[in-house]
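Following are the structures in question.
You will see chain A twice below: alongside chain B first, and alongside chain C after that.
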Partner chain A sequence: MAVSEAIPRGHRQVRYFAAIGEDALAWVEGLARDAGLRRVPTPRAASLLLIAGRLPERSWPALRRVHDQMPHPRAVLHWGEGAQPVPDAVALAPAATPAVAMRALQGDLDRGARGSSPDLLPNEPPAPWLGKGPHGQGGEGMMGGTPYGRPMTMRGDELRDGLRLDAHAVTLGPFAPMLPPGLALDLRLQGDVIQRVEVMQPPFRDAMVEAPFAAAIDRPMSAAGLERARAVHHLRCLGRFCALRGAAAPAARAYASAYRATIGGRVDLGSLRRWLWLSGLRPGIAPGLGTLSAAQRGCLSGPALRAAGVPDDLRTRLEPYTGVGFAPIARQAGDVRARIDQWLAEAAQALDLAARLEGLPPTTFAEGLEGPAGALGAPAGGDRGDRPALDLDALLRGLEWGQAVSVLASFSPDALRRMLGAAG
Partner chain B sequence: MTALIALALILLLSGGLMLLLAQVEVGPMPGSEPQKVPFLGGSEPATHAWQRFHLRYYPMTLLFIAFEMEMMFMYPWAVVYAEIGAKALAEMGMFLLILSIGIFYGWREGIFRWQ
Partner chain C sequence: MMGPLTALPLTLCVLFAGMILVGVLDALAWRLLGRVPIDDDDRLTLGGLRAVIRRQSISTERPDLAAWRLAPALYFGLAAAGLALVPVAVAVGRAPVDVEAGIVVWGAVEALTVIAVFLHGWSSNALLPLMGAYRFVAIGLSIMLVSMFVLIGAALPAGSLRLTAIVESQRELWNLVRQPLGLPLFLLLGLAITLRGPLDYADAPDLAGGTSAEDNAQLRLAWQLARAAMLVAFAAMAATVFLGGPLGPVLPGPVWLALKAGLVAAVLVVLGHLLARPDASRMMTFIWVVLLPLSFLDLAIAGLEALR
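== the complex of A and B ==
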């Protein structure tokens, strides 16, 4: 569809910032297919705040800050259930399609038919001026105290070239667009090299991708449908990774492939593979980036575990997969490259399996099955409990920020949440 | 004729300057206090924004000035050295002494370590 058809006459592109809550990442990524909507990476460029999914109460203060950072006129749309901290947000049921409501809200704002959403925080500096004189001078100590309310950064250790300069302390999240939704990190940086990482909040739950797999434990489900859902999950993860690396064309192709797999259409993964290579994205990932130490490897599961040389897959033991000659794919490196290749290979394998399993009667996997990010159900329940939690500091320390974002995006958000040891 | 062209140029340039100045906003920064806080995905900055950012090419720049620029001055110095003699040697010695402080500083900071 051409862009001119997608955007109705008289409407401009709606720029929205997505504050993604629990189980809502797939919804928001589905909106990317609408050319009239544009998800922007900062609230400063947005006129619409889309709150998607349920927001845990601990992230409300962060949402209030994000809301107030949008320029006027602005509006808020809450897509999903549960409470959220913006009183004048327009509510939208989870089953609804928000594109129409978003365009209508933007139109109302443009015409002045709707007032701008007022500030939630008091109009006073969060860290008030503490200096004595009119220019902040006259405080205590060598730095003149803390005239701007926040302490000055001090010299800190440096890992890479030993040049000790100011250690920049920054807390990012839980609505940082380059991190999985909900993840909040406390970082110490020298330039863009990470000196220390602390997880303030693990990513939000994202059980929606696993929902059909979890359902198959209790009631019969079509194995072909499950394999298609697996391919969709892997392709979405690939699309997200490409988008974060700034490769818009492969990202669009990965998302389009995911959509075609959802509706049961023909998917050309060979074309996606060529795009990944020829765009320079796949060769541009440094080999060995994001490799887990031997002690840390125990917290991996699913495709990430198989990319690290362990061909663990429940499907090797389960009907109907054994009937069609299923063999797990594994590779050795265990780095970001291997995990990207693994997603693509497993997506192709899942689509191939779906074609071969088509027409078989639905199966109940009472003893558990292989989910998109690791084993699910009875046999998995036991061993998941004693998995070690991922030490994110050990994994990201010494990397440049861009590399760290790539490493985080090479795990699916829900897998990352489990690896960080979050319960539920 | 020349006076007319000069007058036209003055008018054009001063008009352009006025247009530029007209865009400069005078007065307090627009927007509320929460809008002045940098966007960190919902978090607040913990430290002041005024800090020494670690430029990764900084050690390389230091080495470049210490070694490369010293060579640049040594070429013309070599041409006149035979003519001036001991005085030129003393001057170059002082110059190298000052530059070596940079090298020793870099050495102390560990810029010669292979990564």
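== the complex of A and C ==
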């Protein structure tokens, strides 16, 4: 379906909800640089559904539910490749810049030039009508049947203080904005304390992050460019973490630094450090939060592994890094705080390396190299299969919801995907 | 006290003017301090208002619709009630509602805000809003205790709970100087009751907007407007209790009050954008172990000063 060619007059604000698919997180986060495009945290506040990247078919049912929660008038834009999960979505090539199309769509909706996207699911109760009881729930009295298809919450032992408290079950994801794109969790909660976690679906692949590193295995790439890409990755992870904890100013600094590093500008992380300090981000995180048990530590890699006291880094063995005296950064604690510190320290180190490696001839890393979330290529390929899969339930059980979200955000989405044992 | 025919329009006019200022401050902070990828704060821009009003109003499965509508009304009403207590000029009777125990009434406004926020999270019959609501109650009640001690401290030099008397008592020296711990502690309460920054446990990004996660169209707008209104009321109250309210040379009293309140509002907006939200349990410990003793100390300083 075509989008009206006319660029609307003036400054039009577009509120969109992003359903982020494979390899698209960086694209969507890049849209934040446009002040007129506002990514809202809930489909209820959006008029545009932006489907970014390819969506695996198993997440289409969830997408349909997200779609139908948007109020009319609404429109859908699919930015990327792959089959069309919503019939009347406007398709946009991956190389296109969606801002113009988003504004035009919003303009068409506002003028009534475009019909609202119809419901994808039938408007019927999620639970079947069983004929018995006031809600057709199949039973009489307080405990008969399951009204609205949800079993009554029953009391269970509270994990922290031995009290008994109602426990409820909930499924979140794969488009929940506080979780990595694609991650779907089946949770059992008491209040906001996590009692049980089951991973329904690991995060989507995000190969964009590793693309330049993966390419360097086969053909010569500039090591300085790779180090800049590493810094960009770490800074964006840091920005995402800050934003989830409500620290908008340091988050924006982190993203701005990442952007400057992307375009090859000079980046001074001093200002980001000061904003982070002022925001009180670090002291607000409980020490020891998100520490993996000794048995689980084997599934860590890259910066998260080095933050847990293991200075494993392929760069210590590879030219041209050995030539400029590279030494890996490591710290001991292995908790969320340490992983945050590690991102910042490694981003600064990567930028420094990039400056020192500038002008060297491009290198092919046929033997493998250190990617932003761990070793890539030959040496790593062998042992990756042996790594244990992360037991998310053991890691998150007993945490408050906010803490659990922070623990998940302290790993890059792609690292988390691999830790959860997803292939590829 | 003014008659209701004067007091009501005056309060509402000041409230609306203040809300416009809050919208401008938020937009400025967003521009100067930076944007984040997910924009959880609904800034009150004209474009935003227009977009919201045109939206279809949709609901959740089996919501408590009456409470859903009542919550923003209650929140806004509390803001208006709080603002009505603020003396606009230095003289007894120069507040829209000048009551004997004005500062206690403000304490009630604070406490009832917890009810409004809980009702908002409760009413949509959905999980994330409810979690936001419960989290807010836990933190809100704790920070309120701190605020009560701080407010009693501010009333001590005046020897009265009447707000005009509290303003009068600051003619020589503002409470900001006399009780240096008071305003910083009170600002934290402001962050809590306006759902901002480090004390925004209700509408936080880790809950996809928390109590607002299921709001749309007019109800969403109403909640955001009420949130801005509460910031106006809080800023005016902080200016009155700690910065001498309408006291000041040359300019008329109401202008001084507006300037001081505007400054407090700006500080809160900046803090809201800057400060990170701690883990809820860590914040709870911080409030009981650090802030509450500090508020006792503040009260002790105020008491010694009053005895002198």
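Quick notes
Everything below uses one rule, namely that the second predicted complex is superposed on the first by the 396 of 424 C-alpha atoms of A that agree within 3 Å, B and C clash if a C-alpha of one lies under 4 Å from a C-alpha of the other, contacts with A are read in each partner's own complex, and residues count from 1 in each chain.
Keep this in mind: contacts are C-beta pairs under 8 Å (C-beta built on N, C-alpha and C of every residue); 3 or more make two chains touch, one makes a residue touch a chain.
Keep in mind that this is a model prediction, so the values were computed, not measured.
Legend: residue contacts after superposition of the two complexes on their common chain; A:Gly264 is shown touching neither chain B nor chain C. Judged by the touch definition given at the top, the superposed model places A:Arg44 against both chain B and chain C.
Of the two partner chains, neither chain B nor chain C is touched by A:Pro362. In the superposition on chain A, A:Ala248 makes contact with chain C only, not with chain B.
In the superposed model, A:Pro177 lies in contact with both chain B and chain C. Once the two complexes are laid over each other on the shared chain, residue contacts for A:Gly191 go to chain B and to chain C alike.
Legend: residue contacts after superposition of the two complexes on their common chain; A:Gln69 is shown touching both chain B and chain C.
Look at A:Gly421: by the touch rule set out above, it reaches neither chain B nor chain C.
Residue by residue along chain A, chain B and chain C are tallied for touches, and C comes out ahead. Of the two partner chains, chain B is the only one that A:Glu158 touches; chain C does not reach it. In the superposition on chain A, chain A positions 42, 44, 69, 71, 125-126, 148, 168, 170, 176-177, 189, 191-192 are in contact with chain B in one complex as well as with chain C in the other. Partner chain B is touched in their complex by these residues of chain A: 19, 42-44, 59, 61-63, 65-66, 68-69, 71, 119, 121-127, 146, 148, 150-153, 158, 160-166, 168-177, 179, 184, 189-193. Here chain C touches chain A in the complex through residues 30-31, 33-42, 45, 47-48, 51, 54-58, 61-62, 127, 131, 134-135, 197-198, 200-201, 204-209, 212-217, 220, 273-283, going by the rule given at the top.
Here chain A touches chain C in the complex through residues 11-13, 15, 28-29, 31-33, 35, 38-42, 44-45, 47, 69, 71-73, 110, 125-126, 148, 168, 170, 176-178, 189, 191-192, 239-240, 242-253, 255-256, 275, 278-281, 283-286, 289, 400-403, 405-406, going by the rule given at the top. Against chain A, the residues of chain B that register as touching in their complex are 31-37, 39-48, 50-56, 58-59, 109-111, 113, 115.
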